[in-house]
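Here's the structure we're looking at; comments come further down.
Naming follows writing order (A, B, C and D), and every chain is counted from residue 1.
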């Protein structure tokens, strides 16, 4: 598979250099910015007068810990809802007899394509009539809307590799639909479902536009505080929060990688 | 071993004439319903929280009941006015009564704002009229009221404001959509189209499209070699490269924008490096410029462009390139004639995705761009939460979505056909 | 396989529904929620007002952040789902919201009329929370001789470089007129005429390309320290705190400052109306009112509080800098003319 | 089995199947399966044999008609309630379960006690010579082993009926032949009623008590293996089961159960009549290659032709002869045969016993 080895050196070297540069563009700004969280002064500039952990300590304030708890609660509820809805939908869509399958698939992916700000406006107006603005349920619904396509995509992809004969085999052995689903299909597609769930979690955990429109004071989350911080209270606490978030998402990413590797 | 069975000979000639009965069709429909059952919860969810809100937006963009709701009798009375000069004195009386009622109900100012969208100084004109009316009972003489109002604001003696009130005897209008499309909507007191200052939405749409296009082109130019190298790297190298391209995809957009601000600001890392190495005398202002906006968006979108390219490139067999080489094509030529054409669906899918996503960007330009780099998304947010002008926000959304669909649907269809 | 177990339990929906229900239950008695512009200001609020208030009355109170946009208030009031009880803001949102019926009309409540508020500190819906001034701050060491007045922000010849200005017509238009030669006393009269407005915008046009707009009060020190701007308008306390607490190498310029009063407003229809009034009245107790300036050099709004202000913060308070050059902000003007000017400004700035 | 009472175990009557309401995959199917019988459904792909099996298993519903088990209708019973063992072409082993868990799955579903399950699983694995693999995962097994696991899994719950859908299709030729015999012997040992689907006619002939030949959704012929081979009822069966020569002809006269027919080249041949045979009607004269004797000398009743090609396949010679009418006939002789003309272009005379040729339906 390594066909780039077929390329001569004078093509390969500049190619590598270019790709290295492009990847550096992706990663280096992060690497350059994160140490700012150790600056004792609230300015985003090098060099530092002194190192300090005060911005990490600031994360322990009720404002931030409350936001972290909210973020996790909202993300967990979103993940459960999106994973449940998305997995079932993907299973339905895997059936070739599904009516208007392409149309439904487009609908399922639409939350990815329609600009979030438009969705947020629509939900904001709609939720206003339902009194769902500034509620936990409203936020979870909004996040589930954004997160469900990730589950539909990953589970659908996993199902294309799933051998549906296994379900027939289970039935022939006496298993009812639900039992067969639990004991055969779900364990086999679990890596895909798990990856979808992690993506859904990450999508919710990072989401800010919806939050700006429909969340209230009881639903402050880490990204919302970071956004507000970038506009209203600019100091390296945001970067300290970023460090924590990155550490957290790296763990998630490693988990996905493992799930995808198999078993 | 014999069952002594006489072989039966069945030929098509023996078969009945078969027709499909309604019962059979019904069974097929039942099967489809059963297939759809697991997807029903999500469908229901999307119907309620995706389709309905989008329809709500559509409704909001044409819903325009402020004037008719606040001044029902005035608008009705104005239907018989021929639009020249000013209406009969009686209409002034009707209006005065309704203005008074609006003032008491607290809706006067909102009405004023709505009129002001379409009439220069409209809010002041209405407030002036309302203030000029006596505290106690209105004079029974409509002519006196008319004089009071014209005295308070000369605009009441001109046709502009009346023409606007006349238009809105229905709860729906195309006003917000026309506004969002940049068509002339504002009148002056004389009823002529005003050339006063206002939002230049066509320019903002054009800006949105141009920035999105620039980002798309950049992500393709940068992403293609990256995707190629990842697609052709086996094992650990490939995994690490993929990890790197996915890393920013995993870190919050805010974190990445934040890091770009730190790096790009005047006393930031890039300037410090450049001036430190003597490449720059004075630090440059990268931040809060259009290039900074495009750079930040490119950085954010690169992963989205690369991934579809990657998945297509991985399906192109290596033997084809080797075959081309064995037939005498050089490495570049082989790549351009064999690999590139097959990668086109991936490039198209990736760039389409990035382009569509860029059209809706809002947070990033707001944080790293200047006010003149703001895209439609920012204005939707601004009109929603700062200007309380939901009709315009909805109309801008409708135009944005319709525009995106018109720009990308034909392309999307082609991509699908090739994929 | 933990995934299997997760689904095996068959409680997928049960769990999520329960979690959702548990957390969505509207708190039966919602905490009093006080809203200000965030950051240090919120921290100071908690320290000097919310904490002591809870201690005094046993009513628990929490802080939230807003950026002065009325849409949320309007949405809350119209839907009846009100989660904010006391809004601290600059004059114009409170005044505009008041005219739209978004705030409780409590200006004639004896709780406030008899609190001894300074002149202009009580309006139909607004109760003075603090006084503040818009000043100019610049980074030392850039110019041989720094700017001497806030209006020097328009002098790009003597002081070249990017400058920070709040992304709002408030202050900007007034300063533009003063810089253009309008006497301080005539500013609002001039701004009331279309020609005056055109003149202000024309003046702003001359420096438009050099402006980096800030929206939040924490931004100016940050913009100055990161080198984005060489000078910036700023609220006086933010600049003073950056210098005193955060080691910022800045100088404050008071000449031509704009002094204004910030207001509390109460969203109309809140279930916590009584608590909200109680809280505001509490902040008007002279000693409590003065305590704010211990942490942030914003001035008190009740006359009697002057006696409790620490002497060392006095020079940083706006009251000490009101003279013939300084402009006293006119909230009433912005309440009547603000809509049109804000609309024109937003479209102007976006071009 | 000879003389055993023929007890009908499963029967299909008037079964129809259409997916789209326009095209029939199975039509007019009447079929009876006897207890303890090994019945093979043989046919090309798309002939309806797999659909028939899936209707028996319950994965497809007949559009019309009835399926009876021991006289009771089962077509409305879902697959998991039918108690039929199914072996799939792809094995369909559960990849996340060990061999033992796979085999024990049906017992787990039925709530069988743990020790009872373990005992029966062990017993079945033992019988299938799989005991050593009990704790392995299916992916760690060879194709043949996986197939045996699939069989063990389908047998452990003592099903009323075993359905096999081309279970050996994915295996190489040698392993396939080995497993054919093994399956056959297991079926006999357990006294199973097996319905077996294949498109491989050799496999069908090797394993079956009876064969049902499918084409176009119809059963073309059903009967014991040797009868299908030696007495095909129509052109399709003759051509699909074993090598066959089919010569276009026109029936000139019918006399008793023998018919006289004229080939395209004008030569006259005699063949046994079938239900298709009518004087003056077109017919296909069918004769197996191994039943033709190639002679160097002419003799009455023999057709004359010329050798067009000779192919050596190890154990036999295939001689291709062209008749005057242009028809090509293939003849199989043992390699040891010496009386055979083998030079290309040499004249050859083809003789067969008239009772071994059949006048089948014509073009």
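Convention: a residue touches a chain if its C-beta (ideal position, glycine included) is under 8 Å from a C-beta of that chain, and two chains touch if they have at least 3 such contacts.
None of these values were measured; they are calculated from a predicted model.
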> What pair of chains is linked by the most C-beta contacts?
Replying inline: A-B
> Chain with the smallest distance from its CA centroid to the overall CA centroid?
Replying inline: A
> How big is the gap, in whole Å, between where the Cα atoms of subunit A centre and where those of subunit C centre?
Replying inline: 35
>> Report the inter-centroid distance (CA atoms only) between subunit C and subunit D in whole Å.
In response: 89
> Hey, how far is the Cα centre of subunit A from the one of subunit B, in Å?
Replying inline: 22
>> Roughly how far is subunit A from subunit D, centre to centre by C-alpha average, rounded to an integer in Å?
In response: 55
> Of all residues in subunit C, which are in touch with two or more distinct other chains?
Replying inline: 1, 225-227
> Of all the residues in subunit B, which ones touch at least 2 other chains?
Replying inline: 265, 267-268, 384-385
>> Touching at least two other chains at once: which residues of subunit D meet that condition?
In response: 96
> For subunit B, which residues count as touching subunit A in their complex?
Replying inline: 31-33, 35-43, 45-46, 49-54, 56-57, 60, 222-223, 225-226, 228-229, 232-234, 241, 243-248, 250-263, 265, 267-269, 272, 299, 302-303, 318, 321-322, 325, 331-332, 356-357, 359-360, 362-363, 367, 377, 380-381, 384-385, 390, 393-394, 397, 400-401, 404
> For the complex, which residues does subunit C have touching subunit A?
Replying inline: 1, 3-4, 7-8, 10, 12-13, 15-16, 19-20, 23-24, 26-27, 33, 35, 37-40, 42, 62, 64-65, 67, 75-76, 78-81, 83-84, 215-219, 221-222, 225-227, 242, 246-248
> Which bits of subunit A are touching subunit C when the two form their complex?
Replying inline: 41-45, 49, 73, 76-77, 80-81, 83-84, 124, 128-129, 131, 133-137, 140, 182, 186-187, 190, 193-194, 216-218, 220, 228-229, 231-235
> Which positions of subunit C touch subunit B when the two form their complex?
Replying inline: 69-72, 74, 99-101, 162, 167, 212-213, 225-228, 336-337, 339-340, 342-344, 346-351
> For the complex, which residues does subunit A have touching subunit D?
Replying inline: 163, 165-166, 168-176, 179-180, 183-184, 187-188, 263
